[in-house]
Amino acid sequence: MSNSETVTADDPGVLERRREDLNRVVYRFKQNPMSILGLCIIFGFVFIAIFAPYIAPYPNDAGYQNQPAVHFDQKFESPSAEHLFGTDQAGRDIFSRVLFGTRLSLRIGVVVLAAAVSIGVPVGLVAGYLGGGVGMALMRITDVFLSVPPLVLALAVSVALEPNLTNVMLAIAAVWWPWYARLTYGEVLSVKEETYVEASRGIGATSTRTIFREILPNVLAPITVKMSLDMGYAILVAASLGFLGLGAQPPTPEWGTMVSQGRDYMPAQWWYSTFPGLAIFLIVLGFNFLGDGLRDMFDVEVQ
Amino acid sequence: MSGDPLVSVRNLEKYYPVDTGLFSRTESYVKAVDGVSFDIMPGETFAVVGESGCGKTTLGKTVARLYEATGGTIAFEGQDITDLDGKALRQLRRDIQVVYQDPSSSLNPRRRIGAIVKEPLAVHDVGTKAERDERVAELLRRVDLPVEFRHRYPNALSGGQKQRVAIARALAVEPKFVVLDEPTSALDVSVQAKVISLLDDLQDELDLTYLLISHDLSLVKNVADRIGVMYLGNLMEVTDSRTLFENPVNPYTEQLLSAIPVVESGEQSLKPPSVEVRGETPDPKDPPSGCPFHPRCHRAFDACDAVDPELVEVEDGHQTRCLHDPGPKAEAVAEHRSDDVTQEGVTED
Amino acid sequence: TGNQSSDSTTNDSGDGSPDTDTSDDGSSGSGSGGASFEYVTTVAPSSLDPMKGSDNLETIVLHNVYDPLVYYTDSTPPELQPWLAEDWEVADDGRTYTFNLRSDATFHNGDPVTASDVQYSVQRMMEMQNGFSWMWSGILSPENVTAVDETTVEMVTTEVFAPFLYTLPFLYVVNQEQVEANAASDGNFGEHGDYGTSWLEDNDAGSGPYVLSERERSRQIVIEQNDDWWGSFPDDRYSSVTTEIVQESATAAGRMREGAEMSDQWLPLQTYNDLEGGDDVRVHAKATFNPFYIYMHTQRAPLDDVHVRRAISYAFDYEAALNDVMAGDSDHLQGPLPGAMWSHTEDLPTYEQDFEAAQAELDQSDYSASDLDLNYTYVSGLTTEESMGLLLQSNLQELGGSLTVERAPWSNITEMAANPDTTPDMLAIYLSFSYADPDTFLYPAWHSDSHGSWTSAAWYQNDEVDRLLTEGRRTVAQENRIPIYEEAQRIIAEDAPALFVMNQATRNALSESVQGFQDNGITGYRQTFHRYHQD
Amino acid sequence: MADPILSVDDLSVEFETYEGRHHVLDGVDLTVEEGETVALVGETGCGKSVTAKSIMGTLPRPPGEITSGSITYDGTGLLADADAHARVQGEEMSMIFQDPMTYLSPVYPVGSMMADVATYSGGEDVSWLGMLKNLLGRRANRGEIRERSIELLDRMRIPDPEGTLDRYPVELSGGMRQRVIVAMALINDPTFLIADEPTTALDVTVQDQILSLLRERVEERDLSMLYITHNLGVAREIADRICIMYAGEIVEVGTTEEIFDAPLHPYTRGLLDSIPKLTGFEGDGIDGQIPDYTDPPTGCRFHPRCPAAMAGTCDVEPVESHAVGDDRAVACHLYEDGMSFGEAATVAEEEAGGPTDEPVTAEAGGEP
Amino acid sequence: MGHRNYLIKRGLSTIPMFVGLSVLIFTLARVIPGRPARLALGPRASDEAVQNLREQMGLDKPLWEQYFDYVGGVIQGDLGQSLISNRNVATDLMEYFPATFELTTLAMIIAVFVGVPLGVVAGQHKDRWPDNASRLFSFFNVSLPPFWAGILLQLVIAFQLGWLPATGRVGDVSPMPIETTGLLLVDSLLAFNVPAFVSATQHLILPAITLSLAPIADIARMTRSSFIEEYDKDYVEGLRTHGIPERLIAYKYVLRRSFASSLTIIGLDYGFLLGSAFVVEIVFSWPGMASYGVEAILQKDINAMVGVTLVVGASFLLVNFAVDVLYGVFDPRVWHDGDSQ
């Protein structure tokens, strides 16, 4: 007992070790100014999402607190000090709606990826680890999903279900998991070749233990990177569905839907489409910057 | 040799299916291990040497039950373990451990040394948490590593240190039999020497039995009690280490020995007279007919490409696999032996 | 009762010649030389089979290529005028109709139009069960149509159905011989094979003023003047009409500016506003028969309480709806019927925004404002309906209730409305119009027999109204039907099973040069190109 | 004696990485006489390849940087004059690499690569047009080059040399590939050859074959060769002279017999002891590991591992190379003042006896 | 293994994918709530009529039976009747697919011809300004929502500057070229119909550019990273040591391998592109399969929906097959996969 205590006394200390790790991460990260910019953009959007009610000049125009407001008498006002991004066909402040739209987009991104990862990663793990017929079958199924463009499949799924927001998210997740399955599968295949996996079997560990202790931690890096890149894409696909008329219900502001509605009023009311589109662009850009930085940091290649 | 062997391998086979493409239902195999038999006595070091791709690793891992044998039997402490599975197999793993060739890839880069060494204890649910920690410290000390290394990640260790960690892990559950798969081939010589002497000490101390796999004849000569020389999935010659160097009877052993670069002038005299080494190891998917070694053999004669020799005992405890010592296949050889051809007559095909 | 004035229906607008404003038959025969007319639309027709087509663009083409027995005039509300049938009479039983066909009508291939063609057309319509056939299901079956002689057809309806004649402008007469000759042998209609359906997509078998000359799916449809038409064209007629299908309203607007003659009525309001400013384009806006309702689910709490429904009706801001959401030229509906329909009565309770009245109604109900937690569903993509929902949402909020606005694709909405449990609390619907009779608005919406259809999404159940509406159908003479419908309207308006929001103005953009356009409010009959001419 | 064909003087190379600056080579001196084979021997990471690359002029810069020293080839200073370097590299020198698996382009038949080497080595540039022609397979002296290649492969004892030219590297075994690489290095008749561990990845039997091929070729053409290896046995077979390198420093130079029969430097001795021999093997290896180049030990770089390290001297004072007889030099404080091996051994004995066996805890470096 | 074997094997492996695809799509289409028969007949059709149509369409049979009927039809080129167009879906697709094909192909060509050089330039100048500029450009491209990018292009180039038409596939030209391939560019060229060709090209430019933005970025990124990776390989060092000119190394050796890696991305991107076409065609009123497909999906026109998705999936599979074949051309190791280690 005393011995084990002396052992810990030699120890550089957990905190210090953590800091060391962190330092390295920070160092790699600092090398890449774009990823810092990305991080800033994302923090910016998260900030906006949290504090939207306080930042937005007309929170009710975005349906805040279930007290949606309309001002048909102010419809289609062009951008001004009062309405930074102008107003829409119901006289609502587009600026406020764009700000509130952040909440939805982030939520979609998070939910979609959480769902996609929780289906795709286990499938990939199992297929990769077991290999053989089961693995083959699982991956063939995955490939079938992959052969339909995500947007098309999501469109079909979200129509098959009732077209509300939850189902849109489900639909996107349904087309997204195969990418994670494939990525995980590929990673598992290469990690599986590592001797430490065999070693784990060699000391008598069960498959589950091997998968979770030895394999999973080693495939997390590319998955994390892909997730951060995919946040942007998921938001983009959701916006595309919104654009095609499947998205959040009014008056909830949804960027894709706004772009789509604004299109009817082009080019006269150009601001209607332009600003929500810009928001999508920025947030996706932010996630791409970040993801790319992470990719450099973890030094992994994901598609 | 006396007493019962700890490990007894009979006619062990391990074939890898080869995908030969269109429509064929994997009828073709790489016969990585093709009918190998040997015994290992308790406390002894049995070494297998051979060139790259000859099936050494496959043999070692099949014996350690990491791979399923295609045929043959493996007995451990007199008990047939060829078909153990499930819990019984996991139990067996406490007795049989493996140390791998590449120390970098045999340690999970995302786990700390402490956790890696503790893993077998956790798997087999040995002791309380405190006891396990204690045991890990002890193990690290035993392999001459500072105890505080337990908090490091493998990539902060040098190759030799990693290999020590791997050894500590293998020893954690007090195995009786350890398969050492080229444990030092990834290390520098100055480090290799240390690891080898560590393994040697451990063997004496813990009463371990080793199956040592290596391609380095000089190394093997110094550490092994008995040696098997392997070529294309077959054991070509098996004997104790002194005899192998003093009196090699198999032409392949001769070639191997004569090709060793030596550093001391004294060594030169221990090598057999220089023979010409020809060709390279054939494609294991498409092995030659007859004796697998005949296309490269400096002593081949025309029977060699027709008759596959068997491992026969030429003297007590000294086996070889060559038509010059034909054993039961004598008649078949005689049939083919039209003339006393030794050198010419066989060409690569 | 009403078996008296059967012939009174025949008389309207005289004597069997088309109501071309300029007359002189001499010009009609000598075909070519007329101008060409470009009609721009954003809607593509799915079928040009006269027994399949039923929506906007389809009927536009069908009306110009096929002749029905009777035709609508271009007045509002439209009246009936003789067409293939020179005259007709209704027997005293109110069920037997005898039509005398004109003898000079020929199909485009030269065959004469005969009574058996009419009989065949009914048979084809009712057996294919597609397109407009719902109008006559349960009312007219093929075996009750007989060709008395070459030019006399007798139809016997299964029961008295007063609007029957008003439905006949949608029954196109096809050339039996030609259709049968071109029918594919394998199809869904037994001995009739495919009933000629695939052939009719690219060819016509009609006798109308124009001949289908070219159809390029999703691009254009060209119809050319029928030189042998029995009727007459105005002098400066359009001898060929090209319907150009464009995808975008912006393109449609562009085509108009570049000199197209006319565009359809489905462009966004904004586009019409933009067009109006232009030089040679005028936008014709008229509120005819395009009522917009917001149904309230009368069988679900709290909307099952008439006071709640009235309270909501008082809470809605009709002013904003008509002037801010719309452009100010739509009408506020008074009760269920558009003002232009005969039997509409001015003397109905009309709802204006009045929160005091709303509150008063609410006080009389069993519910309080906080119970008003409702859902409003509209058709995806219809911005006006969305805006109306948002407006209602803010109005209800003011009242103390709440409303969620939901969009659903049209295909889902019809599904939802089939079942009272899935029908939304409030449903925004343009009650599309078919034949020119009050029955077309009232029966499908308010008679309990119509429950399950999207037209009846209020699940309204009032025995008195049921009785009146049935009686209205059974009463043949129009003057006798008027009081019946007035009474029904009054009850419905009092019950407020829907917000009678507006009768939306229909817009058409026309080139300044086009004359003869009259919006009679009937789908397809607006675009009766043989009535148009250049100035 | 004539001037050496290659001489490297006081070469220091550093690398800039995110971990900091690596001081890899620290004053390397090296000479190769005409017609001589010199082996550069040392363990992994000691800077052998960096030395070779510096000589060939293919050191990646950045991150590498030559901070001092000179390289002279046949009287020409190479470091000062990039053009001369390029010319010498192309026309006079050639190199054989360690890993036969990765030093051939996987997407061209080996013949195509050989032809390119034959055509372009010499450093002349290629025009876009020339490249297009090349890609379309119509270079100028195609037939001649092909013949030369076939002949060379044949001399490399490659069965079916003609067919081999049209094969892709994947279709060849490791030994075959290594022969092709050797052939490629020899195709333009270089006068100086650098072989960077050409047999490390091969089996002993194949290694034996390649070594005898190389020996033959060197003798036949009177090539000068710098042979890099970590295998003392191989060095003994091929080299006339051996340089032992440790952590970026040449610690000992001598003829092959001298090095093996009477190693002077403690490292050389340790190394020799560590090698398992047929005659027996009692060696214990050398404690510790190669130091971290970001912060190399002061004084003698070997001192933390040296059993004979003299506290106060070895860890403080930089070592100089001391000539011990002709052609023989050793960089160790023990041999300061021209001490002989015997004397040094006594000193070493004393020193080693003093501070007992250091536990492995003291292993140097290791921090990332 | 020989080349032919590889091709056949690779080709055969797409068949189960195709079957899987059809099952997936088919099932998805049939579980969609909403009764297609009712939709087909219009809102006021009688229940009886609906029931009849259901029987006609076989919707009352068990799902697997419907599937086999369907597959039987597909084999004969019959994709079932479209509810919205009242035609066989195959006929519809023959009409709409060429437009989509023309658009996506041009977009892909643009993407390759811009993306690859961009990636090479970036790779050659790693971490210097051309690299940073090219990467930034790529980031912008992938982040642009295609529908929004299209709208912006329309706004600026079509509406503001008036350089190119905003929507549609061809302007008001007569005579229209006769349809032979369905690809307007090809048809008009075949007919030497210059005005039609010019107009078709003008109409094609904006949507094709919009579609190509994201793949440009992807291809550039992939080319860059594989170029850099390849540039780091030992054999490149070897070539350099032998004094091979840098240009030859870069363009003969490195580019060939890195292009092979980019090819995989090109295959995947084609699928992505078909997906984006769904929104881009809407924005530009492009009369292609995607607009038809969106309509079909929203209107629950199941046969059309299945048909469109099948065609999209099949194109994707085919393109990827082609890519794999091309991959073998650029990297011959593929043919010898399994020949030797």
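Read from first to last, the chains carry the letters A, B, C, D and E; within each, the first residue is number 1.
Heads up, the rule we're going with is that a contact is a pair of C-beta atoms (placed from the backbone, for glycine too) under 8 Å apart; a residue touches a chain by one contact, two chains touch by 3 or more.
As the structure is a computational prediction, the values presented were derived from the model and not from experiment.
The chains in contact with chain C and with chain E alike are A. Farthest from chain C, judged by the mean position of CA atoms in each chain, is D.
Mean C-alpha position of chain D lies 53 Å from that of chain E. For the pair chain B and chain C, the distance between mean C-alpha positions equals 90 Å.
Rounded to whole angstrom units, the spacing between the C-alpha centres of chain A and chain C is 48.
Chain centres here are Cα averages; for chain B and chain D they lie 32 Å apart.
The set of chain B residues touching two or more other chains comprises 146, 283.
Within chain D, contacts with two or more other chains are made by residues 173. In chain A, the positions touching at least two other chains are 159, 162, 245, 266. Of all residues in chain B, those touching chain D in their complex are 51-52, 144-146, 155-158, 160-161, 188-197, 215-219, 221-223, 245, 255-256, 258-267, 270-271, 277-278, 280-281, 283, 348.
Interface residues of chain A, counted against chain E in their complex, comprise 34, 140-141, 143-153, 155-157, 159-160, 162, 232, 236, 239-240, 243-245, 256, 259-260, 263, 266-267, 270, 273-274, 277-278, 280-282, 284-285, 288-289, 292, 301, 303. Taken together, the chain E residues at the contact with chain A in this complex read 16-17, 20-21, 24-25, 28-29, 31-33, 135-136, 139-140, 142-148, 151-152, 154-155, 159-160, 222, 225, 265, 268, 271-276, 278-279, 282-283, 293-294, 297-298, 300, 305, 308-309, 312-313, 316-317, 320.
Across the interface of their complex, chain B is touched by residues 43-44, 159, 173-176, 203-209, 211, 230-234, 236-237, 260-261, 270-281, 283-287, 289-290, 359-361, 363, 365-368 of chain D. Within the complex formed with chain D, the residues of chain E that make contact are 233-235, 237-245, 247-248, 251-253, 256-257, 260, 330-333, 336, 339-341.
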